[in-house]
Amino acid sequence: MKKNWPLWEVFVRSKNGLEHRHFGSLHATDAEMALENARDVYTRRNEGVSIWVVESKHITASNPQDNGELFEPAQDKIYRHPTFYELPDELKHM
Amino acid sequence: MKDKNLYNYILGIADNSLILGQRLGELCGHGPNLETDIALTNISLDLFGQTRSYYQYAAKIAGNDKTEDDVAFLRIEREYRNVLLVEQPNTHFGYVIARQFLFDTFHLLLMEKLQNSGDEHLAAIAKKGIKEVSYHHRFSGDWIKRLGDGTDESHEKIQEAIDGLWRYTDELFHVTEDDALVIEAGIGVNVSQLKEEYYKQVSEILTEATLTVPENKYFAKGGKEGVHTEQMGYILAELQYMQRTYPNMNW
Amino acid sequence: MSEKEVKNLEAIFETRIARDEKIEPKDWMPEKYRQTHIRQISQHAHSEVVGMLPEGNWITRAPSLRRKVALLAKVQDEGGHGLYLYSAAETLGISREEMYEQLHTGKAKYSSIFNYPAITWADIGAIGWLVDGAAIINQVALCNTSFGPYARAMVRICKEESFHQRQGYEILLTLCNGTPEQKAMAQDALNRWWWPSLMMFGPRDAESPHTEQSMKWKLKRKTNDELRQQFIDQTVPQAEILGITIPDPDLKWNDTLKKYDFGEIDWDEFWQVVKGHGPCNKERMNARVSAWENGAWVRDAAMAYAEKQEKKKVAKAS
């Protein structure tokens, strides 16, 4: 047999109100163990109130080679940002 | 009940955490992989944390400026009151998990009762400890199932360990003379009443793990009265090495 | 890809690094960058994991409960740091098992300092103070290195390590404020750990062939000699507070250069240990190999169990 333990990605919410953030990865045989290992490895210093684990192979990642077509078209759409609009300084609450 | 009875009663609980923590401490850096190594060390750290709370309280009861370290390091073997189960060696990972599981199941039942102790100090320690011990119990129970229902080899190894350690389980429910007085005072837990529930829970998990519940009816005891197995001397030799070689110093 | 195209990509790559942009695992990278990073990150991870051994030996013998839990937590942290680093290396397409294989067969190196024995309690203090002190100097610089996963692992590690050195120094401080016997124990530890600690920064710049490339990739921010000097300059005053003597008769403050001059390092000893003939090379490797081999049935069992459970789940669903 000799199958290695799969890799998991760990996401931790450090306190309620904040999003889960990617903390790192680890090896585990199943989701239950991945959660326990994540608890033991990544929250030893009280870093979390909630953990997500997902097996790394289930993550679909965009390819950096496509970054041009994926992300550059958004660069010049500056009208999506509030600073694009010129308004008088006296104007309040906007 | 006298202070001496309470002191001994506390050691009867605390010494289990000390000696099991020490055994797990031996494994740090030698686990089957990093994740498991780190998890076992967390358990060890929890146990030492509990040990310190108990010993600080025991030292206060003993008076004479005794410290937690005096209690931990400066007794002779006959004065340690841990059960024989926790002093058994890390023969292989199966023994580590079996020892942990057989102890955790008891430990959790004990903490659940001790949190209602008439002694507020002990109740507080138990309340805090219960969360830690629940996790230990979950961890060791999960591993019992993994090893029991894993490969043929692991099944055989964990069964061997359960069989080997079974004879130390009965002692967990033994009530000493000190214990009886402390129980009477509404402070101690009558562990003999936990026995049925313990074997029920243990059997459930062993069965789920496709393991056979041992039928051995011959049990060993003595740890609670300070009569230990031959393992104990070696544990204490390491534990006490510094304090005995360099007496009366601060570290 | 043609040679010209590769050259072109390399040029873009180097400009990105020069602009302080981070490189992420899926980005194109020169093969040499990948290999160098696998080598360095795994070597770093191995050092953490082998580094658990000399200190781990003292967990059962720590002289007080307070020291025991601190040491246990520290050694555990080292395991955690090894884990973070192996994970970072894994993003480059090598498995943890392959890295272990390289360690166990002697193909991969780890920090030579862990081939020295920890024989007294004061050694635990000296390791925390000097060895962690030297490591921190290297690691702080690496928080800014160009490879994203490595840099992020280092940030986490540096944050966690901050108690390690303090823990070691406090041990020595207690010894130095204790009995003459305790102070002598501290001095003896300093005598044995001082020179090996200086060796941790590697060979002199003139004999360090990879420095230029490593500086470009921000795997190094300062040269070996610069880091060594920084370590000495910050450590000498700390030794003075302890009241113990650094075992170097040539050590003295150079008021012109505003730094300490120091004596010659025994480079023969350095190379002897690097080549596998230090006091504990064999013991350390044996310990790692047996932990891994004795754990094989455990890892296999957990995997087999998970597969059985998965099958049961699938069978139930269908």
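We call the chains A, B and C, going by the order they appear; numbering starts again at 1 in every chain.
Note that in this section a contact is a pair of C-beta atoms (placed from the backbone, for glycine too) under 8 Å apart; a residue touches a chain by one contact, two chains touch by 3 or more.
Remember, it's a predicted structure, so these values are computed and weren't measured experimentally.
Visitor: Which pair, A-B or A-C, has more C-beta contacts?
Guide: Pair with more contacting C-beta pairs, A-B versus A-C: A-C.
Visitor: Which chain has its C-alpha centre farthest away from the C-alpha centre of subunit C?
Guide: Most remote chain from subunit C, centroid-wise, comes out as B.
Visitor: If you average the CA atoms of subunit B and of subunit C, how far apart do the two points sit, in angstrom?
Guide: Subunit B and subunit C have C-alpha centres separated by 35 Å.
Visitor: Once you find the CA centre of subunit A and the CA centre of subunit B, what distance in Å lies between them?
Guide: 41
Visitor: For subunit A and subunit C, what's the span in angstrom between their mean Cα positions?
Guide: Measuring from centre to centre gives 28 Å for this pair.
Visitor: If you look at subunit C, which of its residues touch at least two other chains?
Guide: Expected reply: 76, 80, 83, 299-300, 302-306.
Visitor: Using the touch rule from the top of the page, what residues of subunit A touch 2 or more other chains?
Guide: 1, 5, 26-27, 29, 33, 41, 44
Visitor: Residues of subunit B touching 2+ other chains?
Guide: Subunit B, residues with two or more chain partners: 33, 35, 38, 42, 146, 151.
Visitor: Residues of subunit B touching subunit C in their complex?
Guide: 22, 25-26, 28-38, 41-42, 44-45, 48-49, 51-52, 55, 68-69, 72-73, 92-93, 145-147, 149-151, 153-154, 157, 235, 238-239, 241-243, 246, 249-251
Visitor: Which residues of subunit C touch subunit B in the complex?
Guide: Counting only subunit C, the residues touching subunit B are 49, 52-53, 56, 59-69, 72-73, 75-76, 79-80, 82-83, 86, 121, 171, 174-175, 177-179, 181-182, 287, 290-292, 294-306, 308.
Visitor: How about subunit A: which of its residues touch subunit C in the complex?
Guide: 1-5, 7, 24-27, 29-30, 33, 41, 44-45, 61, 63-65
Visitor: Write out the stretch or stretches of subunit B touching subunit A in their complex.
Guide: 33, 35, 38-39, 42, 138-139, 142, 146, 151
Visitor: Looking at the complex, which residues from subunit A come into contact with subunit B?
Guide: 1, 5, 26-29, 32-33, 36-37, 40-41, 44
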